[in-house]
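Quick one: this structure, given as structure tokens, is what I'll be asking you about.
Naming follows writing order (A, B, C and D), and every chain is counted from residue 1.
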Amino acid sequence: MNEDEDVNAAPTATKTFAPEDGRRYMNPFQFGPRPIGRGSARYNDVVSMSISYITDKASLAKYIHKPFEIADEPLLTVSYSMNREVEWLAGHSYNLIAVNASVFFNGEVDKLHGGHPLVLWENLTDPILTGRENEGIPKIYADIPDHSIINGEWRVSASHFGHKIVDMKISDLEQLEEQEVEQLRKRSEGGHWMGWKYIPPTGDGPEVNHPTLFPTSGNQKAAWRGKGKIIWQHLTWEQNPTQFHIVNALHDLPVLEIRSAMVTESSSNLRPANNPPRVIR
Amino acid sequence: MNEDEDVNAAPTATKTFAPEDGRRYMNPFQFGPRPIGRGSARYNDVVSMSISYITDKASLAKYIHKPFEIADEPLLTVSYSMNREVEWLAGHSYNLIAVNASVFFNGEVDKLHGGHPLVLWENLTDPILTGRENEGIPKIYADIPDHSIINGEWRVSASHFGHKIVDMKISDLEQLEEQEVEQLRKRSEGGHWMGWKYIPPTGDGPEVNHPTLFPTSGNQKAAWRGKGKIIWQHLTWEQNPTQFHIVNALHDLPVLEIRSAMVTESSSNLRPANNPPRVIR
Amino acid sequence: MNEDEDVNAAPTATKTFAPEDGRRYMNPFQFGPRPIGRGSARYNDVVSMSISYITDKASLAKYIHKPFEIADEPLLTVSYSMNREVEWLAGHSYNLIAVNASVFFNGEVDKLHGGHPLVLWENLTDPILTGRENEGIPKIYADIPDHSIINGEWRVSASHFGHKIVDMKISDLEQLEEQEVEQLRKRSEGGHWMGWKYIPPTGDGPEVNHPTLFPTSGNQKAAWRGKGKIIWQHLTWEQNPTQFHIVNALHDLPVLEIRSAMVTESSSNLRPANNPPRVIR
Amino acid sequence: MNEDEDVNAAPTATKTFAPEDGRRYMNPFQFGPRPIGRGSARYNDVVSMSISYITDKASLAKYIHKPFEIADEPLLTVSYSMNREVEWLAGHSYNLIAVNASVFFNGEVDKLHGGHPLVLWENLTDPILTGRENEGIPKIYADIPDHSIINGEWRVSASHFGHKIVDMKISDLEQLEEQEVEQLRKRSEGGHWMGWKYIPPTGDGPEVNHPTLFPTSGNQKAAWRGKGKIIWQHLTWEQNPTQFHIVNALHDLPVLEIRSAMVTESSSNLRPANNPPRVIR
């Protein structure tokens, strides 16, 4: 190091943080971007249980925000996933239970059919923060132990603060033919998963409040059709102070007809480089 | 049901969600505001361990964003709190470890001395979401078991994904006289806790990026002075993929001189009605 | 070291494990006794919620093994304890829920009135092993989050494999006068807690199968009387395969009359040096 | 119900518990045997990581109890298993890390080569109790998150009270040919896993103290050979009061040469009906 550089060193000594253009940060952002680059968004080993059912249209509508509209019929899909070998988590695992409504996004610009997450419970905070702040997915926490399998019956449940939220069960599994799996893949590929990013204002600061689009891809490797059963609990504020109103709303949406119950194995890449989440209008 | 009601029923049937003015929501917001009104922001039983130390000024500056400036000296305070009887959580509990720098906010409008959270680890997702989205506090998750006390030594540690983040220890406790506790209270009362709310944009959507002020109050009921020790770990991405860069940054800030180590008992009201969090400029 | 000792050293090189007389071991015992000596059996900070109720005598009798007999009346006491600053656990904490019947031990040698644990759930394996193997206390595992307190109501619950076992609630607390607390202490001091040590045989190995006595002491520091409520769940094998039969048995014991509901603060020494657990006959 | 039955009913009303001959119980035994009959001992989905290494013979000998002897060479095998679809747990899951020494049982009656568990950590209390009390396996508790897989590297670690016990890593996996897997199966089939059942006395009650034999079977379905690395921690009593002496003993057994590192997929039946655990002499 020569003298000139030494002279320059002094200002360096008081160098402070400033975010760099074109890099994505999350709070705490002064430590730099989450080093997501060392792991992709690939989920290499995903096992899911999904139950779809028709509910009451007027009841469901109460939780749908324009320009979202209920699709042809008021269909809810509740999906548990055990996500393993998640690359951005250095190969660690987590579980989730998602509640999606089938919707039509009737925007001024965008007109899209797809799934709309009313709520997701996940058992790891890291993807909850990422999903809420990067993609507008309404993720919250629950304890979700890995599913159990006994006598051909698959079961899973979620709870928080020690109080049950929901039970799911799928039995009588029959494996789908490869051509049926191929149809599943086609239906998922290029699909639309549409959230709503909402961040409240602090004081007179800005609010974030707009719909988002997250593209989906078809990655099912194997699938089984079965008989599904789902039971939502009714809770008090004392039992689950931050979520009881959500659980009770879902409990009060009647299960009028189970449309499908399915177990799948898949792997997926949540973030195709050329197709990031975006605002829809 | 008579004919009139039937006529009225039709619009009701398609009533959809829209947020109401003047109410605070969090995602998933279609289920209505978090019913926080049934519990206040009171924390009735808080036990804390705090260790303050001088670190290297130039090293610390790298994590300070203008118009924040390092205070007279580069002082970090690491505080563990076991929060019990938290009213907005229906009387449940959680633990946290906060890292605060002593700063001067040299804004165009506001000129404030106070504490500035570089990062907080909490062992419950609910307050993490509230803190990030309502107050701009950079909270993330860690496993933080309740502190242990043996032979007069208090210990606590935090870890994530099974890998240790930090160890704290305070020994040789001497209780403060009531007048010293009163001084602590005075110093806290009307103090300034200043965060930075940062929410990344989704696509071409808005970004949130501004400092925040959260007033503090003095609620210490008893306090003990002791000898403190703190050990930060150095981690790899494989060990803690979402936080290793934060832990390593704190590990690399040298502990030049322990200034104080203190155990306190307190109760507090985090959200005085007349003094909500606000933007500072 | 002289030459003789050096010669003797060779066999030392192949020295193997043998338990020493007069020392207490637990498996894995080749690593030596649990170093319990560095921490006493003191529990420095215990908060408890207890609900006692009369149940049906004939129903309760099914779970009582001679020479135990039901006391004057069929009284069950369900007690939650949050144990903190547990010295043998280096000052760490754990929670338990105990179900005790009031009994008379009508042995050939010993004639004793006292409490008889039908089952204890604890949320830490270490004291479960110690209790089962050293004292004959029928401890098993459950998730038992710390109690919550809101609006003067104390609540706690336990679950395992994500399925609730029991809920307890105590409200309308009224603090006891010091002389009433003194009476509580007197009643506990020198009391009898009587278990049954049962370890099944392996092959044609020995079985352990005998009653035990564990002395109790009176350590209540403060106490509150309140209104109690307890709800036992009914579970399936699929929900809790190792414990459902226990939970269901307790569920099926009717709560005929709540006799008392109490919150206490205490500290205790579980193992007075001069009064170890022993066999009763 | 006729009159005779009515007469008989009176004694029934005071029927008490007595264990039935020929049935296996565990504490709390008054509620009847664990209903294990509704699930077999099959483990349908087991993924394991095993690392074997040569250590120092004299050092290892300190933890070997006669008539066990160290086999030809002082070989330790540390094995992590993620056990899923465990039938006796109604299809639930748990993880373990086992430390086995290669031994020769040089008994008066039995002369057997096989594996000898020095200690097993498991993250579920239910199998810990069963293993200790039914089979003499020295199981204790640890937090053992599912392994992670990233960039072809498999990692797992265990901790207790927030402090790390051990890290294992296997990389550079190469799949074994079917005939090599067949050899693995042959070596396991009819193998001997030999524990030591030790239950301390209570007062002047009996002690259980004898070796046990647990037959093993060969169930590997696929296997990969790789490069292994293992790191044992050194802990203080304050960090892990019930296990630090065990962890430190293993830490102090040098890793002189890694002999093998392997990942396997298997399913197994731990309790063949015709070959229960038994005492060896």
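Criterion: a residue touches a chain if its C-beta (ideal position, glycine included) is under 8 Å from a C-beta of that chain, and two chains touch if they have at least 3 such contacts.
Computed from a predicted structure; not experimentally measured.
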| item | value |
| --- | --- |
| Both-way neighbours, i.e. chains that touch chain D and touch chain C | A, B |
| Between the pairs B-D and A-D, the one where more C-beta pairs touch | A-D |
| Separation of chain B from chain D, taking each centre as the mean of its C-alpha atoms, in whole Å | 43 |
| Inter-centroid spacing, chain D versus chain A (mean Cα positions, whole Å) | 38 |
| Of all residues in chain A, the ones touching two or more other chains | 39, 89-92, 145, 148, 150, 153, 155, 161, 238 |
| Chain-level touch network, classified as line, ring, star, complete or other | complete |
| List of chain D residues in touch with chain A within their complex | 39, 44, 84-85, 87, 89-93, 145-146, 148-151, 153, 155 |
| Interfacial residue positions of chain B with respect to chain A in the complex | 12-19, 24-32, 34-35, 38-39, 57-58, 61-66, 88-92, 117-119, 124-126, 128-129, 132-136, 138-141, 161, 196-200, 202-206, 208-210, 212, 237-239, 241-242, 244-246, 249, 276-279 |
| Chain C residues touching chain A - in the complex, by the definition given at the top | 143, 145, 148, 150, 153, 155, 157-159, 161-164, 238 |
